[in-house]
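Listed next: structures, encoded as structure tokens.
Shared chain: chain A. Partners: chain B in the first complex, chain C in the second.
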Partner chain A sequence: MSVSVENLSVAYRSHRGDVTAVDGVSFALADGEIMGLAGESGSGKSTLGNALIYLDPRMKATGGTVTVDGRALPISDTRAMRPLRMTEVSLVPQYAMSALTPTRKIGKLITDLLRSHHVPDRQTVMTELKRRLELIGLREDVLDKYSFELSGGMRQRVTIIMSTLLNPSLLIADEVTSALDVSSQRAVGEMLLEFRDRGYIKSAITITHDLSILAQIADSIAIMYAGRLAERAATETIVNEPLHPYTQALIASLPEVGVRHDQVTLTGIPGRPPSLVNPPAGCRFRDRCPFAFDKCTQTPPFEEIKPGHSVACWKVSDSHAAVAGRAGQEQTV
Partner chain B sequence: MSTLIKVDQVSKLYRATSRAGGFTPALRKVSFELPPGEVISLIGESGSGKTTIGKILLRLAQPTSGTVTFGGKDITKYSQRGLREYYRHVQGVFQDPFSSYNPIYRADRVFELVRGSYFSGIKDKEWHAKIEAALDAVAINPGDVLGKYPHQLSGGQQQRLLIARALLLDVKVLVADEIISMLDASTRVDVLNLLVDLKRKGLAILFITHDLSLGNYVSDRTIILRHGAIVEMGATDKIFGNPQHDYTRMLLSAVPELHKKWQHSPLGPVAVASNGHVAVAEKIDTGPNGPVASALAQASMLDEVTHAEQVVKRDLRAVFGGTRAVASGRSQVSVALEPPPLREFEPDHLVADPE
Partner chain C sequence: MSESAGGVPDVSAVVTIAVTPVGVPGGPGSTAIGRKRSDFVYYGLRNKKLVFGLGVELLLVLFAIIGPIIAKFSPEAFTGAQLQHPGGTYWLGTDTLGHDIFSQLANGLRESYLVGLLGAASASIVGMVLGFTAGWRGGLLDEVLQMITNIIVMLPSLVLLVVIGSYLTSRSVLFEGVFIGLTTWPWVARAVRAQTFSLRSREFVEMAKLSGKRPLQIIVKDIVPNMASYLFLVVILLFGSSMLLAASYDFLGLGPTGTVSLGTMMNQAQNEAALLYHEWWWFIPPGAVLTAMVAALLVANVGLDEVFNPKLREN
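Moving on, here comes the complex of A and B:
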């Protein structure tokens, strides 16, 4: 396993006490795996991504460990993290379109970046940079341009190039396709795949609220709800046989091309996620869930019910336990 | 059905920001009609001019040439008072609900503003009944939103509140500019279904979006815009079921779908460029690297298309040539800036010639 996150909790300090935005999240990524992390706004998906690279002063890790390539990642220690950023873990920030400073040319920005990371052989890296620019269909002269001279899609591609220049093990891509047109979305999505295939990045976490983009590029999908993981499985499983009621509702609310309102009436999910300041005990989706029953007042465990398919839902684990129990009885008989 | 809004040969030029000067055409002779009880979705990439059309309908921008009529009257000629009457019937809702409100006032202040300018004589009781009816129409429980500050409401509630505000007036046309792109998937559909409901009650809606699947879901008719000109227009099922223009096909091929992976061939936009590219694509597809190389080819071809589009844009600027002559005429410019002609492919389905 190249990346493993165990029981990670991240809280924001606030006047009304700590707000636990990420609450006991565990998952592992294989080499070459692109994991999609999806959820509503406020579900803690960006907090999780940011925690893996930079905890800003408002945030603190309240528990858990992160391991990348067998080495523990000192996420609480900003100073110790510094040499690991860009080389081990790298981030394409949300709003990457406005992440480039308008006062520096792209080329200058990149050399500054390399200098501040004490990269010894900058010339080789710059040659590699030009090769990669050519690969994604940008001409070398973008290095002589300011960021505002590039289109949105080009800027997004430049930020991804910069983030992956030192071949990080883990790339966190936060909403990289959200602000783009469909054609640029596609180009950026395929660029991520290409970079993974060429080994520029070992594995990646793609954070988005758009499940249909994940269906295109991710190998597996994790669904987050109110700070906790609700379901995690291979992309095909999540899309075709989701088990958690929240995932099911989320997928049912997506209109597909070719679906008209007079043929199918889609439904949203009533209500809104609970506040994380004083989250309710038990399953946090309970109030919006059509299948909620008494047991849901206890917190459901996030357990693996099939190989590679984990769900946090009493309904699912109960019915699965029943099936497994029957199978066990048959064997003993 | 009578035509409510008629957009006739509307062009809009924006002054270019570069030092070289010149004009960027945002709209090129766009014509369409919006009858009551119909949703038209206006689809295009960024820079295609879709928001400019919305702005012109809301009188936030003036067309450089061409006319827009509402019930037979030219809307560009309205004076102050006429404009107020116009806004009684035509309202807009915009992309970012979080910035549509003033954060230091309660959200229902948007209703009070309407009362101040349109219903100054009304009694409190009548007014509250009106608000309740409007909130009911957008399926919001008044207790959930009245007296709350914007940050206490969800994005979906905020957008619905703005639609309710429009419904307080005798609104006949709603310009919905990307109203759901900032909402979560779980609340998006509710707002879409609300639009469908309002449409059934006779409201005409111009639904501006870059998301093809959302546009397809709500609309009766679709207009695809590119560089300010209509490339394809007609009944939604005909456009999505049988797209004729290469640009429409390219857009459709790039839409991410849940149950279908992106296809790598055949490529729509390549036909636009030249024959040579098609040959290249085929070679790569059958090559030893298989899907990887073809993914790359696809990505760079999309880029090539965008590059080609930039060239087109620059050429258009050249058409204007002597920019000064244009500048002196200010609004009444009738520059020969011909968009590709539209031809009827089948009834209610117009396709532009390739550009």
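Moving on, here comes the complex of A and C:
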């Protein structure tokens, strides 16, 4: 178990009180696991990703613990986190293309980073860096260039190389593929897999709203809705037999290859997520859920109903309990 | 010599020439550093504005260093020959009291440079420290620093100088320089603060935070380089404006006591109505030198801007 997040809550301070963007989220990543984190805009997926590495002054962790490689991450203590960033936890930001300072050459920028992390043997790391550049098809001379001399895709790849250079245990890739064309998306996805296979990163969280890219690279997928986890399971399970009504609707809203959408209308999910300032009690998907019933006014627990498959939905856990109960009865008879 | 394929403009050829000789030896780190410095020198030497501005400035500095040595008279000495036209003995003539104008000019220029340096150094140190602190930290600290800045802006420096000066028996060059510095830093602080504010929310600064850099490192390595040309501009403009300000204080008789400066020369010329009597050799040299000094600085500054901003250096 390389990463484990227990009951993590993160809030934004605002003059109208705290806005809890991540509300009691728990999950664990096995060694070598790539987890996809999906959800619509404002569901708190980026906030969750950021909280694991850098809580900016507007944010605060209101509860929960994060453990990486058996060590608790001091996520609320930015000073204590500093040496762990890039070495234990690393993040490729949404803006990876503009994350390189325009006034320093790439090589100098990376040397600076190594120096600020007091890497003793910089020469070895630089040799390794060149090897990795070659691996992803960049020429060594990018190190001698300014960031604006590279194309967007090259900058993106350089940023990913930079974030993974010190072999972090956890890499958070926040919307890394969103701004890329389809073939580059695939290349970046494969790059993550390659890095995982070679042990450059131990585990990764890929944040995106694009489920199709997750289907290609993620081992498991977590679906987030209005600050809470709705469902978490292996990728095939999420894609083929999702249980949470929100996941089902999300999968149903994806276009499929071979279907002519002038004949079959693509369905969306009616309604919009609730405001996270004073969110309604109970299940937050209630208002948009076709299966909502009385019990949904209480918050559903995020329960593991099968090994490796957790869902937060009364309907699912009730029917599962019923099935399990019947199975139990049959055994006693 | 690198070939340029077909219609490729000269620019790329120039870049390759600049790079190849330096880029070969040393490891990756040293290569990047070595190339960067050589880039600045390379582009600097090819920038006409910078070369012209620095050239004029260099001549004036040489004059300020060598002039007092080769001058035949001390600037305060009464030579006995009053109101001489420029000529063999008195290269730039003499004033009504018989002071040698050449000697006064050379010594005065040296004085002006000294005040300029002191003023620019103290103003930029105070302004940048406060500007970076306020811009980076923000919040309450920023509010307090802004308030102090606004108070200093409101102070009428001339009146303040008269008041302080009346309590002092003598004023030194050091006093004048530091006084100028401590009254001109607010606009530096404001501009640096504003730039820091906008830069600190840029993506590469966020990235630097995410990769575990310390705040001071981020300011020095990510924020300062992105406003380096601006900071140079500030220091150079402060240098020029300190000299002008010193000259005007001197002209008003508020300058350092017991020394000669370009401003005091013009003050005396004004007092003795040199303009009225067409004693041009008395007031034109200090005026011309002062103008050349400040103008050359500004020209050099425009050139420097082009050198430091890789995006501006196209020609």
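Operating definition for what follows: the second predicted complex is superposed on the first by the 333 of 333 C-alpha atoms of A that agree within 3 Å, B and C clash if a C-alpha of one lies under 4 Å from a C-alpha of the other, contacts with A are read in each partner's own complex, and residues count from 1 in each chain.
Criterion: a residue touches a chain if its C-beta (ideal position, glycine included) is under 8 Å from a C-beta of that chain, and two chains touch if they have at least 3 such contacts.
Computed from a predicted model, the values in this text were never measured in an experiment.
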First (chain B), second (chain C), both or neither touched by A:Tyr54: second
Of chain C and chain B, partner touching more chain A residues: B
Which superposed partner A:Phe148 touches (first chain B, second chain C, both, neither): second
Touching partner for A:Gln123 - first (chain B), second (chain C), both, neither: second
Chain B versus chain C as contact partner of A:Leu91, first or second or both or neither: second
Touched partner set for A:Ala99, first chain B, second chain C, both or neither: second
Which of chain B and chain C A:Asp318 touches, first, second, both or neither: neither
Partner chain(s) touched by A:Glu241 [first = chain B, second = chain C, both, neither]: neither
Chain B/chain C common contact set on chain A: none
Chain B partner contacts - residues on chain A that touch it in the complex: 40-41, 135-138, 151-153, 181-187, 189-191, 193-194, 197, 209-213, 215-216, 239-240, 249-251, 253-261, 265-269, 272
Residues of chain B touching chain A in the complex: 45-46, 154-156, 184-190, 192-193, 196, 210-214, 216-218, 236-237, 240-241, 250-252, 254-259, 261-262, 292, 295-296, 298-300, 302-306
Chain A-touching residues of chain C, taken from the complex the two chains share: 19, 23, 27-29, 31-33, 35-36, 202-204, 206-214, 217, 221-222, 225-226, 228, 310-311
Footprint of chain C on chain A - complex, ascending: 53-54, 81-87, 90-91, 93, 95, 98-105, 107-108, 111-113, 116-117, 122-123, 126, 130, 143-144, 146, 148, 159, 162-163
